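Pasting the structures in now, so scroll down.
Two complexes come next, and they have one chain in common, chain A, joined by chain B in the first and chain C in the second.
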Partner chain A sequence: MEASFTIRDLLEDWGAFIFSLILGISGLILGRLLKKNIVSMIFNLFALLTLLAFSILYSGDGKEVFGIFEFDRFFFNSCFWISVFGIITLFVSFQEVSSKGEVFPENFFFVLLSSLGAILMTGSKDFLSLFISKELMSFNIYAMIYFIRDRYGVESAFKYFISSALLSLFYLLGFSFFIISNETIFISNPKSILGILGVYLVLFDLFFKSGSAPFHFWVPDVYQGAPSSTVVFAGSVVKFASFLAIMRIFDLTGQNYKHLLEIIVILSVIIGSLGGLVQKELKRILAYSSIAHSGFISLLLFGTGSKDFKEFLLFYLATYGISFAGAFSVISLFKNTLLYLEDIRGFSSAHRFFSLLLSVFLITFTGLPLLSGFPSKYFAFFTALSVKEVVPVIISAIGSLISLYFYFIPLVRTFMESAENKLDFNINTFVGLILMILAFLSFVFGVYPDLFFIMTQKIPLFS
Partner chain B sequence: MDAVKLTLIFPFLGAFLSLFIRSVYVGFLFSLGTFIFSLFIRAGYSDEILISEKIGFSISLYVDGLNILLIWLTTGLFFLVFLYAIVEKRERKDEYTFLFLLLESLLLPSFLTKNVLVFYFFFDATLIPMFFIIGIWGTGRKVYSAYKFLLFTFFGSVFFLVSIIYLGIEFYSSGGRLSFELEDLIKVVGQLDFQTKTLLFLGFFLAFAVKIPLIPVHVWLPDAHTEAPTGGSVILAGILLKLGSYGFLRFALPLFPDVVREYWYIIAVISIAGIILGAILALSQEDMKRLIAYSSVSHMGYITLGSVAFSGDKITYEGLQGAVLQMVNHGIATGALFFIVGMIYERTHTRMIRDYSGIARKVPIFTFFFFIFTLSSIGFPSTGGFIGELLVIFSAMRSNIIFGVLVAGGAILSAGYLLYLILRVFFGPEKSDINEHIKDASFVEFLTLVPLAIFVFIIGIFPGYFMKIISGGVEFVWKHLSQ
Partner chain C sequence: MESLSAILIVFLPLAGALINLLLLSYEILAKKEDEHLNPIKIFSGIVSCLAVAIPFLLSLSIFGKETIRIEFFNWIPLEGYKITFSALFDNLSKVSLLYITGVSSLIHIYSVGYMSHDRGFIRYFMLLNLFVFFMIQIVVSENLVQIFLGWEGVGLCSYALIGFWYSGYENARAGFKAFIVNRVGDFGFLVGIALFLIYTGGVDYSLTKNLPSDKVFFVALALSMGAMGKSAQGPFWLWLPDAMRGPTPVSALIHAATMVTAGVYMVVRLQDLFSFPSGASDFVFWIGTITSILMGFFGIFERDIKRILAFSTLSQLGLMFAGAGTSFKYTGMFHVFEHSFFKAALFLISGILMHEFENETDIYKLKEKKPLEKGMTLSALGFLISALAMSGVFPLSGYWSKESIIQAVSHDFGHTGSILMLIASFITPLYMFRAYFIVFGNQKFKLSFSPSHEGGYLMFIPVLVLVILSVIGGIFDVGGWLGKEYGYQGEIHGGVSPVVVHVVVFLSVFISYIIWGRGKEIPESGAGKILWRKLYLNEIEEYSFIGSAVALMKLIYSFAERIIVEGFYLFLSVLARVIGYAIASAHGGEPVRILFLIILGITFVLFIV
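Let's look at the complex of A and B:
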């Protein structure tokens, strides 16, 4: 495919990205020179807002850019949600960096770069640009994890780096297999068994990034050790981008991945829900819940090719991201590095507002009605049952029953026990405000999921 | 805005307001308003509010004889709970108000809807407020009991959801439109083979069996009822259990008539086992609340037995009537018994039967009311319980004489344990240590109990009026089962 383009095309399609990068870099330089977090934070905030505006205002739905990126409706929707999660991360990490008394303006730039990588990942049509954007997303996360230089931070950064690098090798191997088989880098139906093997190896890496079992081993340690603001980002955006990339590969290769999905769903749900049962630390509990949710999300992938499944997938990823970002934002306000369940005793009597918000997010994870967890779970079951995948659905149902237990333990500690010693808790107005909006969204999407689908149709606005 | 919609919206509005105005009077006023609105609801109402096309979620409101009495019972009992909450000694009354109003706003739509998915939605959503009510204000092993309640109920309902979605997909693939309306699903079920139907029915049945509760999944009930605060026990016994038996009548029976016709005797045997085992367990309890909780297990057995009693291959009409009426009777009588025990507990801080003796002289009003509700529970003539139990025993006799004999025996046992309870607690030699603290009912407490007592007798003396209301709804079930 010949790529011919002019400067005008470049500016039209990439203007927003270039502008946001310029904003981000100037914020980084100014922030470093002035030794002020806030400068970098504001510049990068505007950079992400640019991307948000781009996703809404860009006119050119379904356009192919350079032949390697496809700017379709799902790309713009992902762009929208990834920018939203990026903005949340900015506020949370600003709070976290400032409360530690550090000057670390680079962190905000990493958030921007990583968001850019994630956005491009969801639009990639070939394995090469997918690889590059995936690495752009991951590299910044290694650095973001490491900004708290304590034992846990080092451990989790190292673990994430080593295992990511290993799985990236899988990706490259699969990629080269695919090139040999199809003689193209574009994601398409593999022509030989070698090509199929190649696609599977690529998928392994993407499932690893999304935190699904059996590639889940890094999740608990990284979520526990990394700064909470980084986890807000890693749990919402990385999962979002990798599942959308998986969706695109499923769509473009047209293979049947039933057995792979069955293994991933069953293992993720079982490991996630049983592993969470024995945890004593809140971040680890949420890490296991994240694994279990990867299993639920994979249920949706059974519906590849059906009419609504892409929208359902977006719904699940966005609402899960909302509650995940919310829960970890609350956690980021605690001063403790590790948040044992005993530590949050009597949280509600001391900080009623934040404890209410935490309970909203945790109940969203359970999939009980009233909050957005229920429609998500419903869509997952619905999609899988439509193609008669009864066994994974039954196992997921049992898994959601088991995980109900550990989602409610923090609530028991919060609401039903009284504090022994004082809680170390930062109250931050901005984060509180954002959390309130997120909790409200959880509720609204829970009782009126159509609102989300209307939004999906409306992005981008002019198409 | 008609009465039904106002009834639905009002408690929700109150719950929202109670987040900002932290007073129990918000709960009182809003539950009173809901009660008044609900009195204007008439059977025969039906309306549809489409919430979400994408998930087939439309709150199709429908009022008939099956649910109208339960709606009045719900709004009435919630009003009384709030009336009592004004004088009750309780911490964090503002959160109490919020959770109870939320619970009411979730219970009403589940009784009013004819859409199976919407029913499930609210059926499951009630778990959240109830978990917190038991866990925060409970006594003793409150967290354990709250968990038991939560996990058992969710265990049943998660398969219920899978069954519902399966049916919805079947309809979707045949009709091209997503719907969970009862009428639509009934058409679909007819086309399935018997084995699939049985499996789907099991999903439905498990959810309702846990909620009702039937033996052997009743084990959550004694703990939850015992450790819940007074208002929680009243609502649990009075209304939440009815969600199970109502759902069974409204959804499971019309959807799977031939499965029920094939296996009704199994359900009947389980119910009778529940009646007798519940009564025997109640006899051996030392805790008053636990005793009444086991009596619930026993009495709910009558309702399921009445719902499934077949004679030949036709379901008995009087069994269905008795089941619906018994739901209301049980809600009133057991709710009231929990009220009284809770009121006494607040004075003495003990529920152990052995700590009490001869308190009738000190608390004549409580004794009087306790006696009335006991009479209704054991089915004494001129109380509501008599009519309901009689109808169920009739239907049991008609379907199988052995069932009839066993159920009648269970009725005698229930007279045994409840009257024995009265004998031990209210009569006998006076104990000085208890009798010193205990005071008789205050004016508000008296006001809480009076309306319930009046209704016990109204249903008992003028059953014709209630039977007329009920029969409209019973027709609905009967029509589907006697084809």
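Let's look at the complex of A and C:
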């Protein structure tokens, strides 16, 4: 395939990306020169808003760009949600960076770059661009983990870096197998057993990024040690982009991945829910919960080829991202690096508003009705059952039952026990406002999930 | 225009409750709970009063006009029959709306004064508005399911308001007791609804005529059990005296004037069912009469002014039941209407006394504080007038309704009925004037109206209005309004002469003066103790019903729950934790170990796939 394009095409398709990059870079330079976090933060905020506007207003639905990116409806929806999560991350990390008293304007630029990588990941049609955009996303996260230079940050960054590097090697190995088999870099049906092995190796890396078992061993340590604002990003955006990429690979290769998914679902749910049961630290609990949720999301992939599963996947990823970002944003407001359950005793009597919000997000994870966790789990179980995958669904149901325990233990500590010593907690108006909107969205999508599907149909607006 | 008024009447109190809920959430979240009157409280009070006063004015405006029927929505669509959420404004519901919204408005205004220094002000008004909403549901509903919604709703509000000061153990226990006792009655109600549904294929009142005649008795009996529970008749009387632990305006509104009369309302509303010659009506009559006499008797042996009034309520409810058990059902409703004025007045007066004298309720201690000499003229006069009205003295409000009940009973039950009614008439003044003589007797009478000594204008004026209504209540011709539909066949003849009744009443007042007017009291020891303990009925009922239930529960709990169920769960949770520790210990640690484990995972997956 010969790629031919003009400057006009370039500006039309990539204008928003180029403009946002220019904004981001100028914000970075200005912020460094003036030694002000806020400058960089605002420039990057506008850059992400540009991407948000691009996702809504762009009129090229279904267009192939350069032959290697496909700008379809799911790309624009991903672009929308990734920009939203990026914006949330900006506010949370601004709060976190400034409360630590550091000047670190690069962090906001990393958020932008990483978001760009994630967005391109969801649009990639070939393994090469997928690899490059994936690395663009990851590299910035290493730096974002490292911005607080304490023991935990360094350790987490290192662990995440070397395990990512290892899995990237597997990716490249699989990629080369695939090229040998199919003699193309485009994602397509592998022609030989070597090609199938190659696709599996690529998928391992993506499942690794999404934090599914058995490639999840980095998750608890990294989520616990990394700065909370980075986890807000890594938990919502990375998961979003990797699952969308997995969805695209499943779609384009047309193979049967039943056994792989069964292993991933069963292991993720069991490890996530039982491992979370015995944890004593809130961030680590949520890390295990994230593993379990990867299992639930993988349930949706059983429906590959059916009509609605892509919408359901978007719904699950977006609502899960909302509640995950919300929960970790609340955690980011604590001054403690590690947040043992004993530490949040009496949180509600000191900060009623934030403790209520935290409880909304935690209850969303449980999947109880009225909040968006319920419809998303319902869709997941429904999709898997409609292709007669009974055992993974039963195990997931039991797993989500067990996980109720560790979602409610923090609430018990928060609401029913009183504090022995004072909590160190930053109150931030912007973050509070964002959290309120997120909690509201959790509620709205919980009672009226159709609204989300109407929204996905409407993005991009002029298609 | 009229349908708009109807919609507003039904939904304004709910809107008031919701606004109060928002205010309450704001108050809790912003931590603005305060004992003093603050702007939020004032706003809440105004909203609540308007949410009830506007429906009252609208009820006045639609009164005497044509019947209105509005269907709001199809509530429970089922195959074969549908249950609508609708409102019917016929004569009966319009009359009921008048006293419900009217008395509620007055008590809301009174409550603003009474509760102004309470921390739970907004919670109180939220519950009160919600109560009015559910009460209106009872009145306007057209089917048994909607009335049940209101029925349980008022029960819920009543429970929450009895235990309003929930930090006291006794208060919480009283609320609990009311809740449990009402559940027994509601069980009967539910059985009645189910039987009605089975036999007629629907729940609308209009389907009563489809009931097979041999089944009417059971349906009516089951439904009357619900009515007895709510109106605290027969064995269900237990909960009402204890319910007086709530705030006094609540006792006045819910446990005297409105909610407890819902049972009577239901019997009158289902008159087709109850007037069928099946014996159910007689059952209602006998339960009512016995309760009336027995509870009036108990009222003599009580020192707490609110509990005395509670027993008087029980006694008067018995009279209403007796009236509703005759073929002249409107007489029961008539007494409900008139009773709401003087009973509310009496409770509000006791509220003023409590408000002025540090929550003192013992009548002997109140006497020592000499309320009359401190300028509480309205309280004394109002108490006297209301007591006379309750005794049925011409031409006060109670006379007209009580007279009609006595006539109706004598018409239906001959001499037996007449004698029973005379006994009931004899007992009422006995306990009412006992309370009056003890609290207000032997004090210098000083005629001066000073609201500042009687709780301020907010509390003074509602009481004044209610006392005036108790005097002139006879002008409301409820018999004429309801008569044609509910068994009015011209004048009732052949009953006891009103003169005889008056002789009995004044004899009773005289005896009361002789016994208690000079500061004597029936001793609380010896044989008197049995009377003071109400023949131990409370204890017997509690131990036999509640005690046996508790014993059974304890058995189930200690064996089935503790050993089998909890043991099973304990086993599961230990198992889960052991596996959890095993899993968790595999995570974390050296980076090399993480890499090793991931490669292990990949090998495992590849091996299986």
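Quick notes
Assume the second predicted complex is superposed on the first by the 463 of 463 C-alpha atoms of A that agree within 3 Å, B and C clash if a C-alpha of one lies under 4 Å from a C-alpha of the other, contacts with A are read in each partner's own complex, and residues count from 1 in each chain.
One rule holds in what follows: a contact is a pair of C-beta atoms (placed from the backbone, for glycine too) under 8 Å apart; a residue touches a chain by one contact, two chains touch by 3 or more.
A quick note: this is a predicted structure, and the numbers were derived from the prediction, not measured.
Overlay on chain A: chain B and chain C clash in the combined arrangement. Once the two complexes are overlaid on the shared chain, A:His259 sits against chain C while remaining clear of chain B. Of the two partner chains, chain C is the only one that A:Leu167 touches; chain B does not reach it.
In the superposition on chain A, A:Phe158 contacts chain C only, with no contact to chain B.
Of the two partner chains placed by the overlay, only chain C lies in contact with A:Phe217; chain B stays clear of it.
By the touch criterion defined above, A:Leu277 reaches chain C but does not reach chain B.
Using the contact criterion defined above for the overlaid structures, shared-chain residue A:Phe208 touches chain C, although it does not reach chain B. Contacts of A:Asn37 after superposition on the shared chain: neither chain B nor chain C is touched. The superposed model places chain C right into chain B at 438-446; the other stretches listed in 150-158, 348-356 or 438-446 stay free of clashes.
Counting contacts as defined above, no chain A residue meets chain B in one complex and chain C in the other. Looking at the complex, you find that chain B touches chain A at residues 51-55, 57, 106, 120-122, 124-125, 127-128, 131-132, 135-136, 142-143, 146-147, 150-151, 154-155, 158-159, 161-162, 165-166, 168-169, 172-173. On chain A, the positions that touch chain C within their shared complex are 158-159, 162-163, 166-167, 170, 197, 200, 204, 208, 213-215, 217-218, 220-221, 259-260, 263-264, 270-271, 274-279, 352-353, 356, 402.
Chain A meets chain B in the complex at residues 308, 363, 368-370, 374-375, 378-379, 381-382, 385-386, 393-394, 397-398, 400-401, 404-405, 408, 411-412, 415-416, 447-450, 453.
Chain C makes touch with chain A in their complex at residues 28-29, 31, 576-577, 579-581, 583-584, 586-588, 591, 594-595, 597-602, 604-606, 608-609.
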